[in-house]
Amino acid sequence: MQTERKSFWDRLLTIDRRWLYLALFVNIVVFLLLPLRLPAVVSGPVRKFYNAMERLQPGDMVMVSSNWSASTIAENQPQLEAVLRHLMRKKVRFTIMSVEAQARDLSLRLAQRLAKEYGYEYGRDWAHFGFYTDLIVAIKGMTNDLHDTVKQDVKGTPTRELPVLQGIQSLKDYKMVIDVTPSGTVPDWISYRPKNLIVLYCPTSVMAAEAYTFLDSGQIEGMLTGAKGAQEYEQLLGVVGLGTRFINGIQFSHVLIILTILVGNLALLMKRLAQEA
Amino acid sequence: MDWLQQFLPLNEGRLGVWIGVVCTLAIYSILYRENPFYRFFEHLYIGLAAGYSLGPLFADIIYKYWVDPLLKGEWYWAPVVPFGLYLYFIYNERYGWVSRIIIGLLIGASAGLFFQAFSSRYLPQLNSTLAKPLWITDANPDMVISGVINNWIFIIFLLAVLTYFTFSFEHRGAVKRVATVGRWFLMIGLGAMFGNTVMARMALLIGRIYYLLSDWLGIPVGGG
Amino acid sequence: MLIDMGTTGGRVLMALIVLGFFVLAFGLIPLLQTLPPQGRRALIAIVTFLAGLFFATEFFLPLTEDDKNFLTPGVVPAQRVLQVIGSLALGLGTYGLIRLHLRNVVQKRGQWGYSVVLMLAFLTMATFSIWNTLAEKKLVAQPEFQKRGFTLLFDYTLVQLDASMFSIIAFYIYSAAFRAFRVRSIEASILMFTAIVVMLGIVPLGAYLSDHLLGLPTQVSPEAHPFSLESILYSLRLTEIASWLLNQLNAPVQRAIEFGVGIGGLAMAIRLWLSLERGIT
Amino acid sequence: MSYQHAADNWFSAIIIALIATAVLLNIARAKAGAQLYIRRIPGLDAIDEAIGRSTEMGRPVTMIPGLTAFGVVAVQSLTIFKYITKQIAKFVTPMRLLTANATVYAVAQEAIQDAYNEAGRPDLYDPDNVRFLSDRQFAFASGVAGLIQRERVAASFMFGEFFAESLIFAETGNIVGAIQIAGTVSFTQVPFFVAACDYTIIGDEFYATSAYLSREPVLLGSLVGQDIAKLLFVLTIIVGAIASTTLGQNHWFIKLLGMPGGWDAFWKAVFGGQ
């Protein structure tokens, strides 16, 4: 009997990892298909993000810094989509810039798709400034003289001829910057932006915990944490986006992970008890 | 039968989705074990990624900031690319050191820019820390007891973790206890990071499975 | 000051100037090669120092009129130079990669077949991507096949491969969670308890469990006393604990880490600016 | 809320000048031969203990700088690996240093050879023990995992910059029952190392470890200078918190300590302003 019980925990501990991968895959598929809808509890940072966006007036100028490549599409795309919808719904002018090569085309295509829905016209209501290798000097250049720094938009039109940039001389004439990013770009925005430019932050969840110090000091005025943050924001906007579709998969994979950690520790404990006995 | 019509890769959109699915399954095949199918698509990925970056690099930067001004007669921009190409001597045995002149230029510029970052990123955090009253006085009439408690917790946690990260004096007695507690508090911050990181990685996988279920198989997914 | 590019003479002059700078840059190298090792290190240190001096002085100089001092107009041109050099530096990574795989193919080393796949993918995508960005600026024609080819290579292949490659990590986290995450010390248990509370508290499930499993009040009336039973019970909800933990306990810890990183960064910036760092420059 | 120029609040220039002086002064002292004190962090005891236990088993020890590109962190990782190699040379324990960066691979060859020479055992140095597996993240990770399992490694030391693949090293090390010590400046990976390894050296401690081992003047001087700056921050926080309690949060003295526009508020309050 003795060897039988130990071998069960041993077998469990040395289970082939491919069974675990299958368990995770099946768990996500099941809970994605489940028509269960749990209302999101809107967290403080998301509420502050929404309020800051609601305070925007039609015609205000906003910079969207989209720096995510396809590797974090599942977290950043829902955020960018929700943010652009809110900007277009409030008739706010916006320009996009990217410091990641892929982000340039991903954000351009997403904005073009949404612009059709809201009747936004390229050049008149929004524009894309293309790719920059160095974010810090790009911010410093735009803070001093936007036209001389950017020179021309993605389509090659000189910025002075873009109707959307009416009355805009530099980044100081912008009201807000929204940084949708998987990497550490928000500290650069915090450090080099003009004094009164409001910073809103859409990080992948990995980067969220570090930003609570900036929320406490007010250096950023709102944050959407990954796809979960997008889900809460979509609920506030009354939109069913990717965040809402992913949330069941996210929360029940958390349950699976927690159970796994507990079972792992239990198996080790039982094995040690069995050895002592 | 018409759902088969919609499912098979007959028009360009469906062909695109099928290519995406083949790519996804090829990458996931490594979970079973390393195989030539995976290795082919991994090298395809690295080649495509490297090739793609040349577009934005050339058109949005080199063309816009060097070629276009030269075409407009601004001759003084001419030396930027020739001297910038020193970087490409890095692999050369004899002249390799020449690339370090330009690398030095980049390092020097980022060092010079750091002073503004230090003032704008860290000092406002210092300021917001000390603007946390520790008990209710008439100087701060609108303070509430819960705010005071949170301020005490905030400052104790901050100072304990800061003490943990000091190295130029021996940690003995009270300082040792503060530093040990500081490392426990650090674990709370790390736990918060851990929880969020797990959520991030799960979301990326969920995005892929959503693509397989919804875009490929056409099954309505999630959101109830 | 500008050269009139309208006339052929102007265009020839510009071509000569650009060629002249290329000849100057590469002609200078043999001259620089004559420098002894200390001379080379000194030259690198001077260039590094001057690049840093420009931005440091622009930051520290008092301002004349609105937010400007005499160096501020130089920031935009400096930005342009650094963007171009930055893009050449990024291109260096690609250059190194292609050089490595080209050598694999030439010397038939290891599984060079895969290197051929990589090279072909690189050349095709580079052509389509550069063509696409130039076509956007209406500098070249954009035939239908180019648009469809780029969509095929970018949207349907590169984007999908990139997304899949990074989604694998979820599987690794899951298998590592089972085998490696042990409650072996006080630290590890604090970390894991916090992680579990955060993982449950920030998703809608946390609220659902607090209502139905723990039966805690869903909201508290505004005028309730902070220490009344009702508000204490409310603050025990998973969502409240997680948000308090993130905002009140995690924030100071992250700020202490920030101060360490900031002070360390300032010390590092000074060492690099003055070329004190051994082993690098 | 942010600074365009130091003129927005000259207090920031004062703080930067103080920290810069503390750092440069101590570097000069260290270079002039002064013996600067850096405490022996507990992580080093954990390394020694791991070395001791690994020699009893007689199985190899792995050292992984991970994907760290050549730079400040890589140089310091190799300093730590040199120390470990010198210790295990006494017990003739075999070692494997696995890297994903070509430059680090070349520099590591020299570092490990120096370590064996300094330990008086040049014969133990075998160039094949320092390996460049692959420059691709997951190809490198599976290469390391394969080696750890095949050679049933006794101890695994991971020092440098790590990314998502850190989990694969830690998990495989656990499967073969290896003792694992990690040290990294990449905070996002620290939680996984703490949960999976026997001991983890966190953030700034990494720099303290290599400074303690290498006794390199610039590192020592810089660390002592940084400590002074941290104590300066601690004092400012304590004085500031008391002041904001007694004088009120938006008193000019509070604004002076770090808030843009604080200098003008201080000037107006004290000198009545022009």
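Here the chain labels run A, B, C and D in written order, and each chain numbers its own residues starting at 1.
Simple rule for what comes next: a contact is a pair of C-beta atoms (placed from the backbone, for glycine too) under 8 Å apart; a residue touches a chain by one contact, two chains touch by 3 or more.
As the structure is a computational prediction, the values presented were derived from the model and not from experiment.
Per-pair counts of C-beta contacts peak for the chains B-C.
Ranked by distance of CA centroids from chain A, the top chain is D.
Chain B and chain C, compared by their mean Cα positions, are separated by 6 Å. Centre-to-centre separation of chain A and chain B, using mean CA positions: 11 Å. Spacing of chain B relative to chain D, judged by their CA centroids, is 20 angstrom.
Computed centre separation for the pair chain A/chain C is 15 angstrom, with centres defined by C-alpha atoms.
Residue positions 30-31, 42, 46, 49, 52-53, 55-57, 59-61, 65, 109-110, 113, 115-121, 124-127, 129, 154-155, 158-159, 162, 165, 186-187, 189-199, 201-202, 204-205, 207-208 of chain B each touch two or more of the other chains. For chain C, the set of residues that touch two or more other chains comprises 59-60, 78, 80, 82-83, 86-87, 89-90, 136-137, 154-155, 158-160, 162-163, 165-171, 173, 175, 177, 179, 181-182, 187-188, 191-192, 195-196, 199, 202-203, 246, 250-252, 254-255, 257-260, 263, 266, 270. Residue positions of chain A touching 2 or more other chains, listed in rising order: 21, 24, 71-74, 102, 105, 132-133, 137, 140, 152, 154, 190-192, 206, 209-210, 212-213, 216, 218-219, 225, 228, 247, 250, 253-254, 257.
Residue ranges of chain B in contact with chain C, taken from their complex: 12, 15-17, 19-21, 23-24, 26-28, 30-31, 39-63, 65-66, 70-75, 77-91, 94-95, 97-98, 100-119, 121-122, 125-126, 129, 144-146, 150, 153-155, 157-162, 165, 182-192, 194-199, 201-202, 204-205, 207-208, 211. Touching chain A in their complex are the following residues of chain D: 1-2, 4, 8, 175, 187-188, 260.
On chain A, the positions that touch chain C within their shared complex are 13, 15, 17, 20-21, 23-24, 38-41, 43-44, 69-74, 102, 105-106, 109, 132-134, 137-138, 140-141, 144-145, 148-149, 152, 154-156, 209-213, 215-216, 225, 228, 247, 250-258, 260-261, 263-265, 268.
On the chain B side of its complex with chain D, the touching residues are 30, 34, 42, 46, 115-116, 118-120, 123-124, 126-127, 129-135, 137, 139-140, 151, 155, 158-159, 162-163, 165-171, 186-187, 190-191, 193-194, 197, 201. Residue ranges on chain C touching chain D, taken from their complex, read 58-63, 67, 69, 100, 165-166, 168-169, 172-173, 175-176, 179-182, 184, 187-188, 191-192, 195, 257, 259-261, 263-264, 266-268, 270-271, 276-280.
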